[in-house]
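You will see two complexes here that share subunit A, one where it goes with subunit B and one where it goes with subunit C.
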Partner chain A sequence: MTITIASGKGGTGKTTLSSNLASYLASQGKNIVLADLDVEEPNSSLFLKLDKVETKIANKMVPHWEKENCTLCGKCVDVCAFNAIAKIFDEILVYPQLCHSCYACSELCPTDSLPMRPERIGEITHYKTKNFDFVEGRIDLGQEMSVPLIAQTIDYVNENFSDSLKLFDAPPGTSCPVIEATKESDFVILITESTPFGYNDLVLAVETMRVLNKKIGVVINRYGIGDNQVEEYCKKENIPIIAKIQNDKEIAKTYAKGELLYEKIPHFKNSLDDIVKFIGEIK
Partner chain B sequence: MNAKEIVVISGKGGSGKTSLSASFAYLEAKNAIIADCDVDAANMHILLGADFEKQEDFMSGEVAVISEDLCTNCGDCYNVCRFDAITKMDDFHKVDPIACEGCWYCSRVCGHGAIEMLTQKAGDVFVSNIKNNGKMVHAKLGFAAENSGKLVSQVKMKAKELAQNLQKEFIVVDGSPGIGCPVISSLSGAMVAVLVTEATVSGLHDLKRVQQLVKTFHIRSCCIINKADLNTERANEIEEFCKKENIEVIAKLPYDITFTKAMSEAKPIVEFDEKSEVSNLIKESWEKIKELARK
Partner chain C sequence: MKILFTAHGTDWNAQMDERLGRAEYLVVYDEESDKLEAFANDTSSMEHGAGLQTAQKIAELGANVIITGNGAGGKVADLIKKTNIKTYIGAKNMTLKEAYEKYTNGELTLQ
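Entry: the complex of A and B
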């Protein structure tokens, strides 16, 4: 089973929840793998004691121009829908960052002058913690497209940990990276806070998950601040509220230090128990 | 003269970026156009009382559509699609619009003219009147839509046009989180980047990554450390990092419930509690940012 922890708004506690939940479930003897799919800003590793197992270079396939047989017909330029290829005088230029790896230019080239070759976009690293496995995708600076790396990180997890309960820490937002991170999940936990921003972004996230036909539940973080819009919305939309994590400056302080919370903060542990119980009942 | 663009960004979400940029927007409304480029989770309009006066469709990205009548079920499209977007049905092939990348490859190889590429509505762009007689440009990305980087560019273009027409000195941009395409679009053309971070391990980690990106743009930057009293050690580490990178730390703000309270009343902090210490610190920061932009 795969459970993704996502949120429309950043800073609502995705990483805090996923790293604590992974560790807590593992401490109960469950076979867990946690994957950090927030490849632009992967943070889970900051909260875990890790031993590196292996690092794999993640590539995407990009055309490379070979001029020997090229007739400069310009077909590659015409077929590229992403403006990733240009013909400048007697040269073909490829802009790898704009390339979506669709292969059209390469396979439609009459002289096979644009073979696809791998080009580095980031890294996938497998770590072990005391009692669970952790996989992180980390995109290189300056790379614009995180989706291929998210997809490869998920593939890595699926290939290596088919028997584990998989927890995915998703990137924030509602656009392509989140869709990639959640599309194969059995269940999506949306974490939010009871503020106007939290509410606004939750609605967007819920709508997105509905387009994707995902089963969802909500965890309200920093419960007690703000208003009750989130609760009323969930009630109206029939979305289960899995847990409410009390607002507590101690949580913020413990987090700031980079420590796991459930060992130190009893009410946080109670909330994790609610989530674990809920997960146990997901069919 | 072109308006000076000031972009407020933070690698990490929840560090107070929008609360701060809305405050700057409120203070400078008369002399600036405000742009919310955090299009994935656009929130700034809530604090600024936007009236959604004008709306335009944001058209972006194309999706393949296969005509059931023309399709001969030959499978050529299926064979070339690298995005698993095409499924074989009994009598014809079908496209999953969410998986479709809009690359046109299937449409180009289809020998029966059965595949059409249709431009999608991917969101809305709004121009609104806001508090203090200001104007802002903001957007809503369609559900499960892509191309947020392009939408950011469109919001910025619109803001520039307004700033030009209305002779405003500044454009205040609430930037996107992360380091990917929407942030790159947010930063391009900017004069000053204000890096908002928080005194936590993630705050420092994400600041480092985002600064690497900002550097490549050769723009002036300064830093605001929010929740600075959460962990003095982390705050110090952030300050050291900024010193090394030659970024001025223009304010250290306390962990303050005012951020949330103001948000709950849909007000920027400087409107909610004008005389508070945090408000004063924010006002001072804004003066410093303007100075930096005018240099």
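Entry: the complex of A and C
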């Protein structure tokens, strides 16, 4: 089973929840793999004691212009749906940052002048912690497109940990990276806070997950601040509230030290128990 | 010289569009023939890469000079460097006529 922890708004506790939940479930003897799919800003590793197992280079395929046979017909420019190719006078320019590796230019070029070649976009690293596996995707500086790396990180997890309960720490937002991180999940936990921003972005995330036909549940973090819009919304929309994590300065202090929370903060552990119980009942 | 303005409209009294990649109109003034010609530049359907397409269009229009507001972003600036086109920036909140005057008086900055 795969469970993705996502949110509309950033900074609502995806990494806090996923790293603690992975560790807590593993401490109960469950076979767990945690994947950090927030490849533009992977930070789960900050909270875990890790031993590296292996690092793989992640590539994406991009076209390279070979000018010898090119007739400058401009077909490649016309067929590119992502404006990644430009023709300036007698030169074809490829912008790998915009390329979605769809192969259209390469396949449709009448003179085969745009062969596809791999280009490095980041790294996938497998680590071990004391009692579970951790896989991290990390995009290279200057790369603009995280979706191919997220997809490859998920493939790596699926190939190597088919028997584990898979927990995915998703990037924030509701755009392509989030869709890639959630689209094959069995369940999506949306973590939010009951503030106007948290509520607004939760609604967007719920709408996105509904388009993807995902089963969802909500965890309210920093419970006690803000208003009760999130709770009312969930009630109205029939979305289960899996847990409410109390707002507590001790959580911030412990987090700031890079420590796991459930070992130190009893009410946080109780919230994790609520989540574990809920996960156990997911069909 | 062919001077290209990024504009919100199609004549000398139109307001400058400070954006290059997503300029509403590309207006070309041919100094030799004293003709002004406007081309719509619809990039609304492009999520990404609008600047590159606009730069390509500018090269095809044969402009020698671009007069605009904010100037080109990274990718487009690199592309324009490959051409001999010069980009002058700082022409915003004014009409094309005013921008052209500033250009001829040397009051605009070369990007």
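Keep this in mind: the second predicted complex is superposed on the first by the 283 of 283 C-alpha atoms of A that agree within 3 Å, B and C clash if a C-alpha of one lies under 4 Å from a C-alpha of the other, contacts with A are read in each partner's own complex, and residues count from 1 in each chain.
Just so it is clear, a residue touches a chain if its C-beta (ideal position, glycine included) is under 8 Å from a C-beta of that chain, and two chains touch if they have at least 3 such contacts.
Since this is a predicted model, take the numbers as computed values, not measurements.
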Touching partner for A:Val53 - first (subunit B), second (subunit C), both, neither: neither
Touched subunit A residues, subunit B compared with subunit C: B
Partner chain(s) touched by A:Tyr95 [first = subunit B, second = subunit C, both, neither]: second
Touched partner set for A:Pro172, first subunit B, second subunit C, both or neither: first
Touching partner for A:Gly142 - first (subunit B), second (subunit C), both, neither: first
Subunit B versus subunit C as contact partner of A:Asn83, first or second or both or neither: second
Which of subunit B and subunit C A:Ile282 touches, first, second, both or neither: neither
Common interface positions of subunit A, toward subunit B and toward subunit C: 82
Residues on subunit A engaged by subunit C in the complex (per definition of touch): 77, 82-84, 86-89, 91, 93, 95, 97-98
Complex interface listing, subunit A residues touching subunit B: 8-12, 15, 40-41, 43, 46-47, 79, 81-82, 100-104, 107-108, 139, 141-146, 171-177, 179, 183, 195-197, 200-201, 204, 207-208, 210-212, 222, 225-227, 249, 252-253, 255-258
Subunit B - residues contacting subunit A, complex: 11-15, 18, 40-43, 46, 62, 80, 82-83, 98, 101-105, 108-109, 141, 143-149, 177-181, 184, 198-203, 205-206, 209, 212-213, 216, 227, 230-231, 234, 255, 257, 260, 263-264, 266
Residue ranges of subunit C in contact with subunit A within the complex: 46, 48-50, 52-53, 55-56, 59, 75, 79, 82-83
